[in-house]
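Heads up, the next two complexes both have chain A, just with different partners, chain B and then chain C.
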Partner chain A sequence: MFNAAFYQGMEAVVISTAALLLTLVGFGIFVTIFGVDPFDVYYILYLGGFGTQISIENTLTQAAPLMLTALCTAIPARAGLLVIGGEGALVVGGIATVLVGVHLSGLPPALGIVVMGLAGALAGGLWIGAAGALRQYRGVNETISTLLMNYIAIAILYHLVSGPIRDFDQVLKASSWSISETFMVGTVPGLDVHWGLAVGVVTCLVLFVVMRHTTFGFAVDILGGNQRTAQMAGLPINRMVILCCCIGGAGAGLAGTMEVIAVHGFASDSLVVGFGYAGILIAFLARQNPLAIILVAILLGGISASGGLMQRRFDLPDATTAVLQGMLFVMVLASNSLYGRLRFLQAREA
Partner chain B sequence: MTGADELGWWGIVIAVLGGAIRVSTPYLFVSLGETLTEKGGRVNLGLEGILVMGAMSGYGTAVLTGEPWLGVFVAGCAGATLGLLHGLICNLPRVNDIAVGISLFVLGTGLAFFLGKPFINPSAPRLPYLDLGAWSSYPQIRSALEINALFIIGFFLALFLTWALKNTRWGLILRTVGDSADAATALGFNVNLVRTLGTVAGGFLSGVGGSFLSLYYPGTWNEGLSSGQGLMAVALVIFARWNPIYCFYVALLFGGATALGPALQTVGISSNYYLYGAAPYFLTLGLLIYSSSTKHRMAGAPGEVSISR
Partner chain C sequence: MSINDSITRRRVLRHGGNIVAAGALFSMLPTMASAAKPITVGFIYVGPRQDFGWNQSHWDAAKLIAKMDNVKVVEQENVPETAEVEKVMQSMIELDGAEVIMATSFGYWKSILKMADKYPNVLFTHIGAIWKEGNPKNVIGYRGYMEEPHYLCGIAAGRMSKTGKIGFIGSKPLYFIFNNCNGYILGARSVNPNITCNVVITGDWNNPVKEAETTNSLIDQGCDVIIANVDSSKVAIETAERRGIYSCGYHSDCSSLAPKGFLTGAEWNWASAADFVEAWRTGGSYPNLLRGGFKRDMVKISPFGQAVPQNVRDEILMAKKGFIDDSLILYKGPLKDNEGNVILTEGQVIDNEDTKFKVGVRFFVEGAVGSTGLK
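And then the complex of A and B:
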């Protein structure tokens, strides 16, 4: 017979798939109103997101930072916190990467890249960890503090790139000094996708194992399920909450590092493009499960990647994919209320 | 010789004051809207999407009909519709209101950019303003004292809501539902219905706030119109301690702080421009850290609101 975990997994798959299909129907009706055949749109969505080698590479490139920023919400959420500071953690991670990369330009490349990654992760981790500590020791609501810290991080970034660390040779837009060419990482072998994808996938896999198969992960799930129980079991709640925040923040900080060392080479407003906010929703769609985050990020990356093709083919605005994403988010969140209610998906008591 | 030279440092004060009045209006409306929503016990983080949707629909209506006030009304209705969506989804069991808010943020901005594409070029009639500075010969003072109509409406609305929340039957019902769902249920009120109505009213006001952006200042429709005023609503409301008249003061404070950077730039002080712009966020975070405690809730916070616990 099947065990309870199997039924839980099936339940998640069935409900999520149903929500996805319903969204596609709703989106089909939406584009029909604007005079476009919905089945053409579905085909272009598939073609632009997953149909060819190039579109798959586009999709994976879009998905890479989202996997890491989603962790910023997902890991603290398992301990019962709602952190929405991925955007800010990504930005401070990017800033730290540039500062370290520029000042340690004498290091051998391999070591320099590792140090930059550590700097980004540390900056992001401390950033969100501080919000966790404020919550545990001062009772400051973590949702609001991380929201405010997003704006503060962005202001610090703009301040730094408009003066203190500005590269005045870059005339097109305000950007920081560039890190040395040798510190840039290229693409994953065999694919035209930068290394951020590998970092994202590996980080998600590692955290999946940690959260699922270690004592720490089990303890966090107890804490997230019921704080009173965790207290009775004598778990170090404060330390666990702060550690979860640090891990999540480190993920988003690492996303900032990868944006710098794999895409831009410097810090600028290109870091502030909403990866952090998209990550929040991916975390919710993935039900805070790091393994599911990989899949959901790729799905959403595919939707974004098909935007350009959709625009060219049907003359629909580029915001079309944002409408689809918004509909999907609303539908999946609403479908959360179905869990535990569909009789045929519940584990039977023997 | 320009006015700025003659006015000297007073020029900065006047520019900040004028900026406060001009920039604060959307802050005022979204924070009043969020107050109504949160008084009922829910948080709507999707006001950013509603704001942008309101800006688009208000502008579109004004372009098509030539009636800016009709635009304001349509913007409010668009906001109320999105608020209704938020309210209905949150009525379902085990749905997180903050997550729904963020999804509305994505959906609202996406819809606004999608539907607003044709309105980027045409220009719409502007909302009227009250010219209180006509006596002055300084252009700075004159432009600072052009008080827009929505600001005045917002001020009286804040006064009215302060009174209504305290003294009317509806205000009492809303506050009861927000403070204790159990008590409200025991008294026979439909908690979900009241909260949904609170969110709809909040959405209406936020939509109106959005129409200010496109119909008065900056007074045009494009995709970079909002600079996060909607997302900040939640923080503003905490700063204002869930009190509508404090929302008015806090909106002025945030507006003034936003205007500080550009004002200093006009007299040649351009260093730390962005840090001045972030002053409201530092201020709010500082206040939050100062007034929070692990022992009790923040003063004035509705008991059922997730962010006050």
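And then the complex of A and C:
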């Protein structure tokens, strides 16, 4: 007989696939209303997202930052918190990277990059960790606080780049000083995608192992499942909650670092493009599982990559992509209610 | 049918007759192999293209360029200034066969440089006009002097204001926003030397709530003409219309938003890029860097609103002519900033095409009530 883990895995695969297919059917009906042949749309979705080398690189480039920001919601969620501060953590991560980066010009590039990565992760970790601490010690709702902290982070960024750390040589856009060109990381070998992808995948994999195969991960699952039980088991709840927040925030902070050292070279309002909010969506679609985050991020990356081609080929508005993403979100959330209810997917009682 | 045709023609002629004419001329030439080669132009917008603002000004250009012979336009909106835009460019080039990429946001610059090296057979245009020697030759930077149409808006504001107080809403503390504001004030003071202008910098390109609040507060302070230098001045103009004051537009034609109070607006004429497309298609020459105002047909003003009487319209059109024949100079002495510092002494003149001076502008001229926020 198969074991319970197999059935759990099967259940997730079957339900997710069904939700995806239903979404595609619904979206097909939607575009038909606008006079576009749904099968053309499916083909373009495939072509633009996964059909050619360029498309795949496009998809992966879009997915890279989302993997990291999704962790900001996913890891605290495993401990039972709803954190939506990825946007802010990414921004403070980016700011910290620049602040540290501009002072490192003497260091060898490899070392400088590591230091900047640590700075970004630390800043993001402390940012969300503070929200966790506020919750544990002061009873401040973490959802509200992290949401509001997003605005604070963005305001700090705007303040810094329009004055204190502004590079006045960049006349068209309020931007910070740039980090040294030698600290910029290029693309992953063999693929025209920046290193943020590798960082995202590795971070997700590491956290998957940590959350799945360590006592810490197991303890967090107990805490997330039932706080009373965790209390009775004598788990250090405060410390665990704050640590989870720190880990999640560090993920988003790292996303900020990668935006700076792989894309822009400086901090500006280009850091505030919604990666943090998209990460929330991905964390939920992935059911807070770091391994699934990689796949879901790639799926959503593919949707937005092909969304561009869809606009160009059918002259559909960009919001069409948002409709598809919205449908997918609703379908997946609705399908969550099916877990444990489909008899043929349940492990037989021993 | 023919009525429809003539309407389209008229609209086309009004907005950029020369481009269409150029296109038509080329089509009339005996068809050389190169002239008949169709070309795909990809437009990339940072926001929604129907925004009554920045993106729409480029969309207007895209529509005109799409009317050129042998030109096909593909468009993508809401492309953020991240690594994504590079992929969008690549996708346009490799999947749609685009040979010209018009990337219409400042923050695309780094990506343009990267892609231009990678695709030497594709022409890239950027709207910042920051190309310099050493940058790829297949990149064009071009940009209009928007302070000139702002000067004309200022004349309208100066003539129409009853309170002697007008308002300027700026987005970011950047040189061209300062120039626009200065143009607006200098225009207003050219017809009413006592007028003052309350200036507010919101700090955001796109923050409708703040824009509405700012507009309301300017009106409460007694301003009765406003102009908003934000991504889309829709909210500010609609708020002004509701409160019964006058407004001027920015970026693209906003006249339909305020049938009663709209005066005129400062608009880009990005369709001047049609020349680049034609040059690239036929192997002709093109500049890598181009700035200009009315003289080079790179800016324009919106159609006058019904509130503007004929004599004011004539005055504005005269001033426009002045920019074209250089009889009207924007920055000339004596000129003080609004903190009393002398910027230009009597007799000092800054050429209307003196980009270096304009890029260095970090002050508001006398008459502005407010500060740049820069130290």
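Basically, the second predicted complex is superposed on the first by the 350 of 350 C-alpha atoms of A that agree within 3 Å, B and C clash if a C-alpha of one lies under 4 Å from a C-alpha of the other, contacts with A are read in each partner's own complex, and residues count from 1 in each chain.
Following the convention adopted for this analysis, a contact is a pair of C-beta atoms (placed from the backbone, for glycine too) under 8 Å apart; a residue touches a chain by one contact, two chains touch by 3 or more.
Owing to the predicted nature of the structure, the values given are computational and were not obtained by experimental measurement.
Novice: Can A:K173 be said to touch chain B (first), chain C (second), both, or neither?
Specialist: Once the two structures are laid over each other on A, A:K173 reaches chain C alone.
Novice: Mind working out whether A:I84 is in touch with chain B, chain C, both or neither, as first, second, both or neither?
Specialist: first
Novice: Go through the superposed model and pick first if A:F314 touches only chain B, second if only chain C, both, or neither.
Specialist: neither
Novice: Please indicate which partner A:G265 is in contact with in the superposed arrangement: first for chain B, second for chain C, both, or neither.
Specialist: second
Novice: On the A-aligned overlay, A:Y339 touches which partner chain: chain B = first, chain C = second, or both, or neither?
Specialist: Only chain B is touched by A:Y339; chain C is not.
Novice: Just checking: does A:Y7 make contact with chain B only, chain C only, both, or neither of them? Give me first, second, both or neither.
Specialist: neither
Novice: Please indicate which partner A:V330 is in contact with in the superposed arrangement: first for chain B, second for chain C, both, or neither.
Specialist: A:V330 sits against chain B, while chain C stays out of touch.
Novice: Is A:N58 touching the first partner chain B, the second partner chain C, both, or neither of them?
Specialist: second
Novice: Using the superposition on chain A described above, determine whether A:M149 touches chain B (first), chain C (second), both, or neither.
Specialist: A:M149 contacts chain B only, not chain C.
Novice: Name the residues of chain A shared by its contacts with chain B and its contacts with chain C.
Specialist: Dual-contact residues (chain A): 158, 162-163, 317-318.
Novice: Give the list of chain C residues in touch with chain A in this complex.
Specialist: It is residues 42, 48, 74-84, 86-88, 90-92, 94-96, 106-107, 109-110, 128, 130, 172-176, 203-205, 359, 373-375 of chain C that touch chain A.
Novice: Where on chain B does chain A make contact in their complex?
Specialist: Result: residues 45, 49, 85, 89, 92-96, 98-100, 102-114, 117, 228, 231-232, 234-235, 238, 271-275, 277-278, 281-282, 284-285, 288-289, 292-295, 306-309 of chain B touch chain A.
Novice: Can you tell me which positions in chain A touch chain C when the two form their complex?
Specialist: 47-48, 52, 54-55, 57-58, 61-62, 64-65, 158, 162-163, 171-174, 192, 194, 196, 259, 262-265, 268-270, 273-274, 304-305, 308-309, 311-312, 315, 317-318
Novice: What does chain A use to touch chain B in their complex?
Specialist: 82, 84, 134, 136-141, 143-145, 147-149, 151-152, 154-156, 158-159, 162-163, 277-278, 280-281, 284, 316-327, 329-330, 333-334, 336-337, 339
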